[in-house]
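The same subunit A turns up in both complexes below, where it pairs with subunit B and then with subunit C.
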Partner chain A sequence: PAADPAVISPQDPTLLIGSSLVATCTVSPDFPLKAEDLYWTLNGRRLPAASYATLGPSTLSVALAHLNGSRQQSGDNLVCHSRDGGILAGSCLYVGLPPEKPVNITCWSKNMKDLTCKWAPGTEGETFLHTNYTLKYKRRWYGQDNTCQEYHTAGTYSCHIPKDLALFTPYEIWVEASNRLGVAVSDVVMLDILDVVTTDPPSDVHVSRVGDLEDQLSVRWSSPPALKDFLFQAKYQIQYRVEDSSEWKVVDDVGNQTSCRLAGLRPGTVYFVQVRCNPFSIYGSKKAGIWSDWSNPTAASTPRSERAAGGCDPKGGEQNTTLRRELKQFFGWVKKHAYGCSNLGIKLYDQWRVWLQKSHKTRNQVGKEP
Partner chain B sequence: MAAADSPSAALRRDLCSRGIRLAGKMRADVVDLLDAYVEQQGLDASASVAAVEGVPLAAVERWDEQTGTQRLLENLVAYRAFRALLAQMLEEQREQLGEAEAGLGRALAAVLLQVSAFVYHLEELLRLESRGVPGEEGDGPPPPPRLSLFEQKLRGLGVLRELAQWAVRSVRDLRQLAKPSPATGAATGLAESP
Partner chain C sequence: SPTGDSWGIFTFLCAALCNLPALPALNCSEELGAGQSIQQTYDLTRYLEHQLRTLAGTYLNYLGPPFNEPDFNPPRLARAERVPSATVDLDLWRGLTDNARLAANYRAYSRLLCYLRVLDGQVGTAELRHRLAHFCASLQGLVLSIGGVMSSLGYPLPAGPAAPPAGPPGAPAAPNDFLKKMDDFWLLKELQTWLWRSAKDFNRLKKKVPPAVVTLRLEARGF
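Here is the complex of A and B:
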């Protein structure tokens, strides 16, 4: 094979940010080029002649000081050229930082079948070098180290363990970061799969009107399929917003029912509703799990009667919302502190409002009372 | 005229037209890949790179004097070489950068797949003409010594540039092959003079 026209030394070095480097380009004896026929470029930019030094008839050096982090992870291209621009030799410089300890490892298990973990790179973040992350895990008191294989399943810094996980035993989980300049290992996280369980969002979410009631909507849904295995119960949360708002309101005391009535809503308004669930009482444990994703938004609109269109109390809706919220808080307090009043609840208030609106309509049909 | 409708002529036309479409798509994908490659490697897209050992050159003198068989055989040798070179590039990419540049890795793998498919097309065309498909075992010189990282970058640039040129040449070769002969109505014979 033909000789290389020139050789650069060092070849493909790895350096810390801020380092200095002296590289040499030596032309092969087979090529009729002298040191004065050469010049250097770094990432395509010509380096100033002031940084060159002639070390021999066919050897030219260049001094690079205070190197910045590599422009690309494949390395900075330091190239020795002949006068006419031809490439004689090149060397890839890898300038960066060693990795920081990965942090914030969080994990979750979908229906106790698998485990997904995510983490963040260390506080400095950018190392300018390709950094490899390996998630490892083992059973705490016995067992060998295992390495996670399926990366980037929930973002760049994540890994998925699909099977062969044991329940009722704690695991140790950690992340190793490595690049050309070193290795860093995260703190070890200990967890039991049962403590980090999540499930699918509720399905078949239906939102419908409650008769002619202008300020209420009924929400119904189905529990996640995993519940059918009786592995755990679930509690639910609802969030809803008006169509043209980005502010969600959360109803977080839905309990384990699969239906709920939203009240205090604006008449004649389109609402988007979502539901999510949290598995708890897993094998009888009192610990809550991890909230599922929200279900896809479901839309419905409250009715608007003619009477409401030019309502005589334009702020009635707001007052109702505030009043209802206060009442809810009151009933919550009653439940805790007043034994024997367990039947009092916001549902009873809702039923009273339904009765009230019906009785208002009846009075209006008959004629106003004196 | 009957010869123009013969099953083998129809099959040749079909293989050629599919091959032409594949070569056209390959060229478009290689051009996109080249853009991504030079950015990732920090290279100048217009850098002049000496011919790299083992990379088949698309440039050919007296193309019009070649027979159809010669063109097919040269295509076959070239794309088999590209198949090996792209596989090596993919391996080097994964060694150096892991899955960090997954987009580029996927694009490389996609082009490799297209090149493999094109090799199959060429082999089918040669079989159709009962020319026999040259074997691959023991073909070619021994693998070159491992290149330095910078040399790998330059070789990759050379590979993709020449592959883009070959895709253009292959479209022309196949169009020539698919042309019916004016005398017999059959597609231009592979053994006949061009």
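Here is the complex of A and C:
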């Protein structure tokens, strides 16, 4: 095989940002080129002749100072050319920083069957060089280190451990970051699988109207299937928003029921509703688990108000609006300070509203009579 | 009634199937004539050519300048010869038999696929790995398609390992990172040239092997 036209030294070096480098290009004896026939480029840009030095009849050097981080992770391209532009040899420069300790390791287990962990890189500067992350874990008083294999399952900096996890035993988890310039190990996180359990969102979320009531919607759902398989209780949270708003309202005190009634809503409006679940009291412990994802949004609309068109009976309407508002507020208060979604409070309120609407209808009819 | 509905659906499906133009073709034991396979292979080369443009763009940007500069033309060093070259003397190309033409394509893409797969294991970014994997899958499809055409015309598939283990013996892996970048550049260039050439190869084959002729040939052999 033919010899390479020239040799560059150093070949493919790794350097710290800010360091300096002197590289030499030596033409092979088989080639009729002299040092004055050569020039250098870095990433396609010609380097100034002022930085060159002739070290021998067929050896030209270049001095590079205060190197910036590599333009691409495959390395900066330092190339030795002959006068006509032809490439004689090249060297890839890897300029960067050693990695810093990965931070913010958070883990969660889906239904106590697996463990997914994510972390953040120590610094922004880890993009100059390719950095490899390895998640490791071991049971606390048993020697053997295990390495996680399935990466990028929940974003770039994540890993998934699918099986062979023991319950009721603390695990030590850490992440090692390594690149050409060094290694950094995160702090060790200790956890028991049972402390970081999450589950699937509730299924079959149905939102429906409550008869003719304009300001209420009824939400019903099924508990996640995994609830049956193992001993945890579930608590739920609902969030809802008006169709054209991005502000979610959260209903926190749903407890462990699988239904709830939303009240104080706007009539004739489309609402999006989501439910999520938190498995707690796993095997009797008092701790809460991790909230599941929100269920897919379900939409429903409140019935349109009959009075929406405006005042057919302005005076009477005004009076009723103020009274109604106050009453609504009162019952809302009762609802909150009595028991969240307590049926007793709601039923009373419903009956009042129905009565209120009936009484308003008769009042309108009275007004219309000639 | 439920049973009445099922009968209705069944009758409708039968009628629909019977009206499909492809149905008569099913009388042959070969579902597609070689002509149709050649057309499909041609279409596949055009699709791959399109895919390659995006892949090459991304990959050359990863290699960095000057590799991603439009006029970049580095020397093709001795070690780069292991990648089969698409360029061939015009008269030689015209004079190729159908078998030789197909075999050259089959061999070339099998080798190129092999080298691409090695690349896949080495590149840095997740995006690149994803694109490469997708391209390799499509290229595998092309190799199989060419094999299919050869079989349907009665030609034997080229002998020897379709996928040399880790490069042919005697051609070492690039001794340094810069030379490896040059190898990668030439691999992509050669792939591009082959896809251009294959389009012409299959166009030529299309004219020489129309569907009707193939069907007759098959019937004559008692297939």
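The working rule: the second predicted complex is superposed on the first by the 300 of 370 C-alpha atoms of A that agree within 3 Å, B and C clash if a C-alpha of one lies under 4 Å from a C-alpha of the other, contacts with A are read in each partner's own complex, and residues count from 1 in each chain.
The definition used in the following text is that a residue touches a chain if its C-beta (ideal position, glycine included) is under 8 Å from a C-beta of that chain, and two chains touch if they have at least 3 such contacts.
Given the structure is predicted, the values throughout are model-derived calculations rather than measurements.
Asks: Here subunit A is shared; do subunit B and subunit C fit on it together or clash?
Replies: After superposition on subunit A, subunit B vs subunit C: clash.
Asks: Looking at the overlay, does A:57 come into contact with subunit B only (first), subunit C only (second), both, or neither?
Replies: neither
Asks: Thinking of the overlay built on chain A, is A:74 touched by subunit B (first), by subunit C (second), by both, or by neither?
Replies: Once the two structures are laid over each other on A, A:74 reaches both partners.
Asks: Between subunit B and subunit C, which residues of subunit A are contacted by each of them?
Replies: In the superposed arrangement, which is not itself an observed complex, subunit A uses residues 1, 11-12, 43-44, 71-77, 79, 86-87, 89-92, 130, 152 for both subunit B and subunit C.
Asks: Flag every residue of subunit A that touches subunit B in the complex, lowest number first.
Replies: Residues of subunit A touching subunit B: 1, 11-12, 43-44, 71-77, 79, 85-87, 89-92, 130, 132, 151-152.
Asks: Of all residues in subunit A, which touch subunit C in the complex?
Replies: Subunit A reaches subunit C through residues 1-2, 4-5, 8, 11-12, 41, 43-45, 71-77, 79, 86-87, 89-92, 130, 152, 156.
Asks: Which bits of subunit C are touching subunit A when the two form their complex?
Replies: Going by the criterion above, the answer is residues 61-67, 69, 74-75, 77-79, 124-126, 176-179, 181-182.
Asks: In the complex formed with subunit A, which residues of subunit B make contact?
Replies: 39-44, 47-50, 53, 96-102, 144-145, 148-151, 153-154
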